[in-house]
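Two complexes, one shared chain (subunit A), two partners (subunit B, subunit C).
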Partner chain A sequence: MTSERLTPSASQVPDPEDRTRLRVEEFRKRRPRLIDEVVTMAHGAGGKSSAALVDHVFVEAFRNPLLEQLGDGALLRLPSGERLVFSTDSFVVQPIDFPGGTIGDLAINGTVNDLAVSGAVPQWISVAFVLEEGFPIDRLRQLAADMRAAADAAGVQIVTGDTKVVPHGSADGLYITTAGVGVVPADRELSPAAVRPGDRLIVSGTIADHGMAVMLARGNLAIEADIESDTAPVNGLVEALLAAAPSTRWMRDATRGGLGTVCNELAQTVGLGVVIDEGLLPIDPTVLGCCDMLGIDPIYVANEGKFVAVVAAEEAEAAVAALRGLPGGAQAAVIGEVIAEPAGIVAMRTPFGGTRIVDMLVGDPLPRIC
Partner chain B sequence: MKFVDEFRDPAAARALVKSITELAGDDEFKFMEVCGGHTHTIYRHGIEHLLPANIELVHGPGCPVCVIPMGRIDDAMWLAEQPDVIFTTFGDMMRVPGSRGSLLDAKARGADVRFVYSPLDSVKIAIDNPDQHVVFFAVGFETTVPSTAVTLMRAKALGLTNFSVFSNHVTIVPPMKAILESPDLRLSGFLGPGHVSTVVGTHPYRFVPEVYGKPVVVAGFEPLDILQSVYMLLEQHRDGRCEVENQYARVVRPEGNVAALKLMGQTFQLRPHFEWRGLGFISQSALRVHDDFADFDAEVRFSMPGVRVADPKACQCGEVLKGAIKPWECKVFGTACTPETPIGTCMVSPEGACAAYYNFGRLHRETAQMVGQGAVGQGAGV
Partner chain C sequence: MTSERLTPSASQVPDPEDRTRLRVEEFRKRRPRLIDEVVTMAHGAGGKSSAALVDHVFVEAFRNPLLEQLGDGALLRLPSGERLVFSTDSFVVQPIDFPGGTIGDLAINGTVNDLAVSGAVPQWISVAFVLEEGFPIDRLRQLAADMRAAADAAGVQIVTGDTKVVPHGSADGLYITTAGVGVVPADRELSPAAVRPGDRLIVSGTIADHGMAVMLARGNLAIEADIESDTAPVNGLVEALLAAAPSTRWMRDATRGGLGTVCNELAQTVGLGVVIDEGLLPIDPTVLGCCDMLGIDPIYVANEGKFVAVVAAEEAEAAVAALRGLPGGAQAAVIGEVIAEPAGIVAMRTPFGGTRIVDMLVGDPLPRIC
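Up next, the complex of A and B:
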């Protein structure tokens, strides 16, 4: 097959199964429809329903070129020519304490990581609290300390904030919203347009830890396992990666929806295919065991301290070596590559020698994970 | 994962596929995997494209979510919307469309619908909420009946007055018979259901070779289990044998789980008939709560509408469930009917043939083989 894209329309294809496949692909590329009358949990799950809600309600109302990029953060250009990234995120995780972290450090790391994978050096953070009447002050003090520690670890300052209290029963403990600003170094240029077949996909460490840690912490599964959330800032890892692999074209933190969702966003953004080699995925054996038991695919489970990067093949080895030399990057690995065909699709090569599709996740197996 | 790696060994798979290809020769074979769990494994591991093209795997009716007819979903939603009812269900059932949306929609509109991992969790919810009535939406083949049976026993022992079961349990043999009676399907044999057989054993399938002359191999759920079972079916054809064999002997005993069967007999009894999606009414094919447990039978305690609702016209789930058409042959597959906006049940459950094909299998055979045989850096598929 040549690298030239083959895009016959469905009606030109003789094989009926191929015809259906092409028709489905054409259909998948359409703007997602919003058919629901009320908000459902699926609208918050990060999959197609979320995309439909954002597209039809928020983008519709707020429309502007900066917003329409729909990245993890907005890239803003100052009159001086300097570039900033501005990002925001809300946190509603339940329970608010879980092995490896709390809603406090999660709220800082989440925004730090969105800024970092957008190519910015995170600098300033705002914090807004919605508190439920009756929430213990001691616990709030502890969460604030967690946030301060996370900010120090990431090298950012919490510079402004807001507090609201709602009556007992109107919220579940507390919700936290953070926003952040980071500065993009002058010589840095990340561009999905530069992604080409042969580029390698790198993940910065083990996947699925956060989602499984929170799920088990809820205690309603009769499973006990020693799994900790991976919540951590990735800005140090991102800087190391960019130094070792200046070719880096694209990065995303694999939070809600997990690695599978991020890879689908990549395939659709660049209009190329992505192959993941299942055997190369770094997954903790305990996490994998729990996922298998619960029938959950680890590729869709949330991470809070991991990102995916696309780098040129010749720099992949150096990139992985740089990540492995840092705390939080020991399990970094090349997990796949970009291919020309099938365009827009993420395929998984199973260790068994088979192949399957990895689609966007539908429905939400684990609500309120961040 | 020490426990599964040995069942996913690529070298063993290659050797088995080679033996299968040799044994099949140029003949055409059509094997039905009865169980939705098998369908899931087949697509999840890309087995369809590993097998030679002259061996076709036909997906059967053994997806418990898929076979529940629309009217029963409507009844479930009616129950969920009753005042002071907490309606509990397995997660899969939340997204199954009835004629007025799904349980997920009912939940969004304010009904107290909760998903549980075990029916015993529903009993706990009943204990914690003495002022409300908790209904458990029981679905599944013989695989899940024992856990509902234990739950009924527990509820009775605790003397609960605010707990009942809406039983939609079904049995595996009647739909297999219905498929064997169907004239438009020429099968070469069955991959027998593994999980169901842990409970019922292998004896109930004897009628398949004896009456209908088709071999059965009860199969496990790891990819190598599937390949080995296909190989065993081909061996029966080569040797001119036709019998029930047990590939899943590490779990399934010929007599099944005697204790579970006894418990089922105490808590459930056969219905005279039950409607199956796509297959219509099948006599003695489903279980209702036993008269001795009538206090815990939601169908006794509530006057549900019980209206029979025809499937949407466009939906061909029935044909898919019978193996008469492949998922992609359905007119609405992947366009009007997708996992986000399912019209039929087969697109909802991860064990449904349509969902499995849509989520995992939508690849051209040659593309799949090229990607599967490649490695990072070899430019696979480029």
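Up next, the complex of A and C:
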């Protein structure tokens, strides 16, 4: 992991490589945090606190072999040998309408995408509503129409559901929980175990659009900008990528916690390092400008129609070309690679030749983004 | 449908049979209500308002062949020919602890039971939490343990999940949404189309325990009584019933809206009548006493570990015997039968020889029961 530097290192300051090594050692010494005594917003933000809550409370209680390989969904093997992926997500985004989407299409796309990046062809979706007393029926009708449109766009069917109502003031409008089932094609094998140094990281398009769109839609920042959520199904893009790059090892949609969190999950799961080239990250200039003004690193901002894939180096070019030919994939790019060391660490090469560690955040600067 | 009467009908008052006929005609004239402009608690209560909301908003928007056969779950057919049932439920019960159970085991048992009464062997469960900021982690740990224990008791695995956090005051503690997938054995066929006049209705045990237990646990009634929720998995009972009564036509767990609502759904789905013999309903005397004091008909009170089955007359005795031999089934009983006319109507024979119509309620006297 070397990079050109704009300024030569002077002998009186620690060598930059040494500095990086020191930082990595320091970083590794950190113990996983004990979780707090009460639930905090950070526990829902998809970062370290969320991971701690899931590990120490839920995985601990529910422990079983299927749960422990937990990615974006569970791989189920049927008596016939057929394989399914089963996934669920709750949606509590606020506001429920934002430029580019609503909680309705988000709830469909979110589960469709979890199934798709797990290697399944998404097919069936369940929807469960917790509605607040007083919520306008017309608004609900519109959200249902959004969900139907999203389901049609993704080629899935909404096949079952549930409705509960809670008193006014107890659900902030409504919460939607979707679950989904997809079928894994017989010849498809994705496995983090197949990831090796030299593999390339691909992102399917611009990052940070969804999180910034929702943040601005809240209207409590003194910023106006035309930013739309990227909420969209990625199953078409995933199929195109897998056709062009059949050795693809691993995929994940970069939702809560953004690209930075997903890359950390990758590095920790496979026990290898990940290096991202900051200059290669596709970001809309307006989104980048807003992130800069708010002091938020776009690498941690949620996406709702983008995924990260680890592909064999020799298939990377074909993979990017396949994505770029499709709607939603025009900005697809190779953004980095898998390296042997430092294992479990995500590093970012800056355009100035430096390297910084991309840690997983404890919480999220933008809560309730999905 | 005749019954002995305690008092002979006098010629100056309308003949009781005529009165019944008039009531049925009157009843049939009622149009389905237009749903309100905003969501009300009644929309979540499992009665007519719930049905109207689901039909006019969700089924209307999501329309597809799988959804239209909506029961407690969707029947999915895989390319291999294998059949699955997929189901979901949200749980918003208040309080989250009550005698006999918690929202945790309720959330597992609810979905297990929906799969079981749909003819599937429940196998895999997803859990999605909407947690309120400030909720105690120790409490969450205990609920997770309850869920694990319920999953173990039902023989299912919790395989995937999600956690979201909303600000204090926005989720009344926590809401849990589970979804589940079960496998339908190759030789199993349940179908409302197979229901015919003369078939018997069986209930797997005492009714109204859960609803009354939760109601009393709220502590705002001037009643103290030892009533425990019946929250339990019914999949073992369902398998025993199907083994003893292989011609079983239809099953449904009698949750929100109770036995009365389930029987109405049956009558409307099959286009036949249902007659229940009030004197045959298994009810715990304490539960009945509380219902009487509150003026609530136990036939509409929620159960969380009971189901109704329609079985062939000649298999009814064996079915009840099989259930009575198992935990949770000791009070199983034949409670009525399917009749040709009046079609779509549920009638109840009272112990005094009268007959009354058991309508589907608009709302529920006991909201947020699950």
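The working rule: the second predicted complex is superposed on the first by the 335 of 370 C-alpha atoms of A that agree within 3 Å, B and C clash if a C-alpha of one lies under 4 Å from a C-alpha of the other, contacts with A are read in each partner's own complex, and residues count from 1 in each chain.
In this section, a contact is a pair of C-beta atoms (placed from the backbone, for glycine too) under 8 Å apart; a residue touches a chain by one contact, two chains touch by 3 or more.
Predicted model only: the values in this text are computed from it and were never measured.
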Touched partner set for A:V234, first subunit B, second subunit C, both or neither: neither
Touching partner for A:F62 - first (subunit B), second (subunit C), both, neither: second
Which superposed partner A:V183 touches (first subunit B, second subunit C, both, neither): second
Broader residue contact with subunit A after superposition on the shared chain, subunit B or subunit C: C
Touched partner set for A:G289, first subunit B, second subunit C, both or neither: first
First (subunit B), second (subunit C), both or neither touched by A:V38: both
Doubly contacted residues of subunit A, that is, touched by subunit B and again by subunit C: 35-36, 38-42
Residues of subunit B touching subunit A in the complex: 1, 4, 8, 10, 13-14, 43-47, 49-50, 91, 95, 104-105, 107-109, 117-118, 121, 223, 326, 328-329, 333-335, 338-341, 350, 358-364, 367-369, 371-377, 379-382
Parts of subunit A lying in touch with subunit B, wherever the complex brings them together: 1, 3, 16-18, 20-21, 23-24, 27-28, 32-33, 35-36, 38-42, 47-49, 197-198, 200, 220-222, 273, 275, 277, 280, 285, 288-289, 292, 294-295, 313, 334, 336-337, 339-342, 345, 347, 349-357, 359, 362-363, 365
Of subunit C, residues touching subunit A in the complex: 35-45, 50, 53-54, 57-58, 60-64, 66-67, 70, 73-74, 76, 78-82, 84, 86-92, 123-124, 126-138, 140-141, 144-145, 147-148, 151, 157-167, 169-172, 175, 177, 179, 181, 183, 367-368, 370
